[in-house]
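Just below is one structure, and these are the notes that go with it.
Letters are used for the chains, namely A, B, C and D, taken in the order the chains are written, and counting of residues starts over at 1 for each.
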Amino acid sequence: MSHGYIKDKGDYLRRLRRIEGQVRGLQRMVDEDAYCLEILTQVSAATKALESVALRLLDEHLAHCVVAAVKAGGPDPHVKLREASDAIARLVRS
Amino acid sequence: MSHGYIKDKGDYLRRLRRIEGQVRGLQRMVDEDAYCLEILTQVSAATKALESVALRLLDEHLAHCVVAAVKAGGPDPHVKLREASDAIARLVRS
Amino acid sequence: MSHGYIKDKGDYLRRLRRIEGQVRGLQRMVDEDAYCLEILTQVSAATKALESVALRLLDEHLAHCVVAAVKAGGPDPHVKLREASDAIARLVRS
Amino acid sequence: MSHGYIKDKGDYLRRLRRIEGQVRGLQRMVDEDAYCLEILTQVSAATKALESVALRLLDEHLAHCVVAAVKAGGPDPHVKLREASDAIARLVRS
């Protein structure tokens, strides 16, 4: 079974590699005693980039997995929606 | 001039390396077609870990740079406080 | 046409009235020169209460409006999902 | 003893009354069966308005209470900074 986001795997991987680079850049900044608030600015940038990945994953999850479950009928859509709601709550609260 | 967080450089580096590992793990999950919501859970975990780093940096910034500026007198504390407030606003809104 | 949350109207109204009371309490605290961080604690409580209302509205929206649109077929589910995604993004970023 | 925000009491009260009005507007929307996502948009607006109040309270707290504690010397600045850090963490996580 394939998941909704799969058609853009390359794009997800590119974004995540960029975030990995940002996190390595943070290590360099700490190592070179950069100014705390400059490091903080970069932490916010990496956090925002992760948040964008999360929102996109969620969009594709709703558009694919949830819609597929609704079309298939049965009790599964409720499970899928509950899962999606929990994921949204975690995102909003993080 | 040394910055406030420096005494714990090793701890910051350890946390950031762990976050780098989490981001690499996310790439692996995407690559291996993991379930979207499992990936999302891991994205939330990495975001929370970055947020903890940010909060700690901010604490140490307030306790060191801002306090030092206040003690030194002059117009600098206001600049430092303005900078710190902007950083807090970025964190709260990210 | 009735909306998904309607069956719990009374509960929404009770929660919102409680939040209104919290905001009036904040005015009283400011008026009586309460300690800034005590006021801040109450602001956080009101914010969290609003966030809970938002998450619940979103859950019911997904479970009712979006599911109904998917079942009805046609282009509407995509519009509904786009709207829901925008609402989720606003929540995550606020 | 007067708190840092006091000089703008009128402005805080005006903002909080506006937020109270927004929360009453939300009750009206629920009562009149407004569309879920429209209600959600208004919830986000009220949340953002509360967040602005919180950020401003925090700024003034840092600029007044914390700076005063540092200037006065003694162990109090650490207590004040700890309190401020806890308040920032609650805001970032809410």
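The definition used in the following text is that contacts are C-beta pairs under 8 Å (C-beta built on N, C-alpha and C of every residue); 3 or more make two chains touch, one makes a residue touch a chain.
Bear in mind the structure is a predicted one, so any value in this text is a computation, not a measurement.
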Distance-maximising chain from chain C - centres being C-alpha averages: B
Same or different contact residues where chain D meets its copy chain C, judged by the half mark: same
Superposition rotation for chain B onto chain C, Cα-based, multiple of 5°: 180
Separation of mean Cα positions, chain D and chain A [Å, integer]: 29
Whole-Å gap between the CA centroids of chain C and chain D: 18
Chain A and chain C: spacing of chain centres that average the CA atoms, whole Å: 22
Per-residue multi-chain contacts in chain C, two or more chains: 51, 54, 58, 84, 91, 93-94
Footprint of chain C on chain A - complex, ascending: 51, 54-55, 58-59, 62-63, 66-67, 70-71, 77-78, 81, 84-85, 88-89, 91-93
Contact footprint of chain B on chain A as seen in their complex: 2-6, 9, 12-13, 16-17, 19-20, 23-24, 26-27, 30-31, 33-37, 39-41, 43-44, 46-48, 50-51, 53-54, 57-58, 60-61, 65, 83-84, 87, 90-91, 94
